[in-house]
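In what comes next, chain A is part of two complexes: it sits with chain B in the first one and with chain C in the second one.
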Partner chain A sequence: MISLLSKIGGRTIDSVWRIGSIMRFFMLVLANSGTSFSRFGLVRREIFFSGVMSLIIILVSGLFIGMVLGLQGFETLQKYGAEETMGVLVALSLLREMGPVVTALLFASRAGSAITAEIGLMKATEQLKAMDMMAVNPIARVVAPRLWAGIISMPLLAALFSAMGIFGGYLIAVLMVGIDSGVFWSNMEAAVSFRYDVLNGFVKSVVFGVAVSVIATFEGYDCTPTAEGVSAATTRTVVSSALTVLLLDLILTAFMLRGL
Partner chain B sequence: MDRKTIDLWVGIFVLLGLLALGLLAFKVGNLGGEREAKLYRVEARFDNIGGLKLKAPVKSAGVLVGRVKGIHFDNIKFQAVVDLELYERYEFPKDSSASILTSGLLGEVYIGLEPGGDDKKLVTGDRIKLAQSAVVLERLIGQFMLGKASEAPAASSVTK
Partner chain C sequence: MRYFLKYPLNPAETKNLVEIANVDFAYGKRAILKGISLNVPRGKVVAIMGGSGCGKTTLLRLIGGQLTPTSGTLRVDGQNVADLDQAGLYSMRRKMGMLFQFGALFSDLSVFDNVAFQLREHTNLPEKMIADLVHMKLNAVGLRGTANLMPAELSGGMARRVALARAVALDPALVLYDEPFAGLDPISLAVVGQLIRHLNDALGATSILVTHDVMESLQIVDYLYFVSEGKIVGEGTPDEIRASELPFVKQFVHGERDGPVPFHYPAQDYAKQLGLPK
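On to the complex of A and B.
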């Protein structure tokens, strides 16, 4: 009984420590972000590897998810004779939830894991230490550009995902089900508000971008510098990014729906 | 991968992303779709506003002429006070009437403006005097049932 209690206590203290170190790491990276902007080429390179290289998976899954939403929505809306509002259903679920969340999950597994593995391997092969020896700050040179690239890429990827999904829903609605394309768009325009749907979705995607990038870079920088350490850190990146994104989504949605 | 290719692809990516954002904002979110600079504000009092919500459309002859700006409760007269913002290019006679309507059985609730015959026009601060409350479906069904119940014995006595 006592040992169980102390186990729980130990776990709690460890996780609070971890959250604390992640926040301190985030602050440290922010404080060392100057180089990323004075030498923007560094960030641009990372945008290429985490943003551009994720384009295909984001666009294709956006299209598929939009089409699935269209098909499933039609199935249910048809019962109420409201299949004309299919555009509203597809657009709102993509803009508010699916776009930011699914993009963040895909981004964490496509780009986040790569960032962790890269930084982790740099640490394992003592490249980071070598940089430090040459008076090059590894946080400013290696970590900060990757963090900022993630923060910049995520909202753009989420917007592309949503746009692609709406296009997929359009394909199903107009070509397969036979809803009039004018009705599809006008219903959507009437129901979707810029402030409450598009802007809130954008805010979500920025927050998720920060969360995923911070976790990915932290896990890489913090990993045990061995082969197993890097592999464990990569796994942790994907798992804790997914959990963090979903938890943050719950909190943000609760605030946004109450109109804050 | 050399520097030029990376720059080109990042450029394409950022442009595509911004384009998607713009598409979502303007085409889907209808930003700037109905930006009306000039508005005037009138109020109407209803006994019951039913399911009327903020930003609900105000329509006359089916055309959007304004939006509901505010809804509050008058604690002296026990009525709902609804602020309407109407577009300045549409003018209505002072004795116009407002009623709360629903488009379809499950559709959105909106305010219908029926123009009157007065020469004077509505201006900011005016009150629409003729205001018809929302039809509450439960009450309507209740009345219908009550009517049926009271006429049922009479009908049966006729057949005898």
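On to the complex of A and C.
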């Protein structure tokens, strides 16, 4: 019993330490972000690798999820004779929740894991030490551009995901079910608020972008510099990012919903 | 436009570029270095030799300021390394070049960009001049033709030579070599050895080699220190070392199986472990 308690206590202390280390690391990266903005080319290059290279998976997933939402929505809405509001259902689901959340989960598995593996391998092959010995701060030169690239890419990818999802919903609603195109769009326009839906979704995607990028860069920088260490760090990035994104989503949604 | 280094070299000169006095270092409770004292005079190539795990790479890390001594003083170009903050440390490292054991080339940059890295980070030279300097450094190591290759396309020996060109890109006053001969074939080994000597003399630099390759070192260095169990156990010029009768130096230079460095790792009695009667 005592050993179980001490194990739980130990794990809790370790977790709190780790969260503290991640926050300190985040502050350190922020303090060393000057180079990222004075030489924006470094960030632009990373936006290409984490943002542009994630486009295919984001766009295709967005399209499929929008189509699935359309099909499921139609199934339920037609029971109440409300199938003409399919556009509203698809748009609100995507803008408020699925766009930012699913994009963050996909971004963590596609780009986050790649960032962790890249920084981890740079550490394992002494590239970070070599850079430090050349009087170039690896936090400023390697970590900060990747962090900012993630923060910039995430909301853009989430917007594209939602746009593709709405297009997928449109294909199902208008081309398959036969809802009038004008009704589909005008219902959506009337029900979607820029302030409460689009902007809140944007805020969520920025917060998730920060969370995933900080976790991915931290895990890479902090990993044990061996093959197993890099592999474990990559797994941790995907698992921690997914849990953090879902927890943050719960907290943000609770704050954002009107009437609570 | 100014074509100078952003940070000038320290004009104050001491006789020894590196002075280490009574330096101790420990990882937690595990003592690695115990009262090491050594000097590296300007313009010389000095080797620090010893078996694997004797603390010689740690010593190199201490000189580069990546680790701080537990006690004792370590001066580079007259400055106590332990007293330097990050800006001071980076200012000192701009006068240093370091060759890592396996090159540590940046795998996402081409050979050209690897050698140009420090020139772009620390100087405001125009790109044309950087290109000329990079080609000169690559030519010095015989690899001008590889400028457009990626590090993954190079053999181990070539990667080491590119890393050498990168280490001397800013004409450093001090070059640190961590196991420069490890894993090289005899031809690459001789090439790298000669390059270390040649570059040191051509640049007017000072070099410190950490290695366990005795034969190659004896041919190219001016002075050798032997480290065992965290202490200096022998030192001298190559001729003195060849003739040395010190037990550790003799065992190391002649590659003898047993001696002060025992063949067997400490263990319980062999017969007892096998359950044999005494």
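The definition used in the following text is that the second predicted complex is superposed on the first by the 257 of 260 C-alpha atoms of A that agree within 3 Å, B and C clash if a C-alpha of one lies under 4 Å from a C-alpha of the other, contacts with A are read in each partner's own complex, and residues count from 1 in each chain.
As a working rule, a residue touches a chain if its C-beta (ideal position, glycine included) is under 8 Å from a C-beta of that chain, and two chains touch if they have at least 3 such contacts.
Small disclaimer: the values here were computed from a predicted structure and weren't measured.
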item	value
Chain C versus chain B, contacts on chain A by residue	B
Touching partner for A:Met133 - first (chain B), second (chain C), both, neither	second
Touching partner for A:Trp17 - first (chain B), second (chain C), both, neither	neither
Touched partner set for A:Phe40, first chain B, second chain C, both or neither	neither
Touched partner set for A:Thr125, first chain B, second chain C, both or neither	second
First, second, both or neither for A:Gly51, with chain B first and chain C second	first
Chain A-facing residues of chain B, complex	1, 3, 6-7, 9-10, 12-14, 16-18, 20-21, 23-25, 27-31, 33, 106
Residues of chain A that touch chain C when the two form their complex	118, 121-122, 125-127, 129-137, 141
Partner chain B, residues of chain A touching it in the complex	41, 44-45, 47-48, 51-52, 55, 80, 82, 91, 95, 152-153, 155-157, 159-160, 162-164, 166, 185, 188-190, 192-194, 197-198, 201-202
Residue numbers on chain C that touch chain A, as the complex places them	64, 66, 86, 89-91, 93-94, 96, 98, 100-102, 104-108, 117-118, 121-122
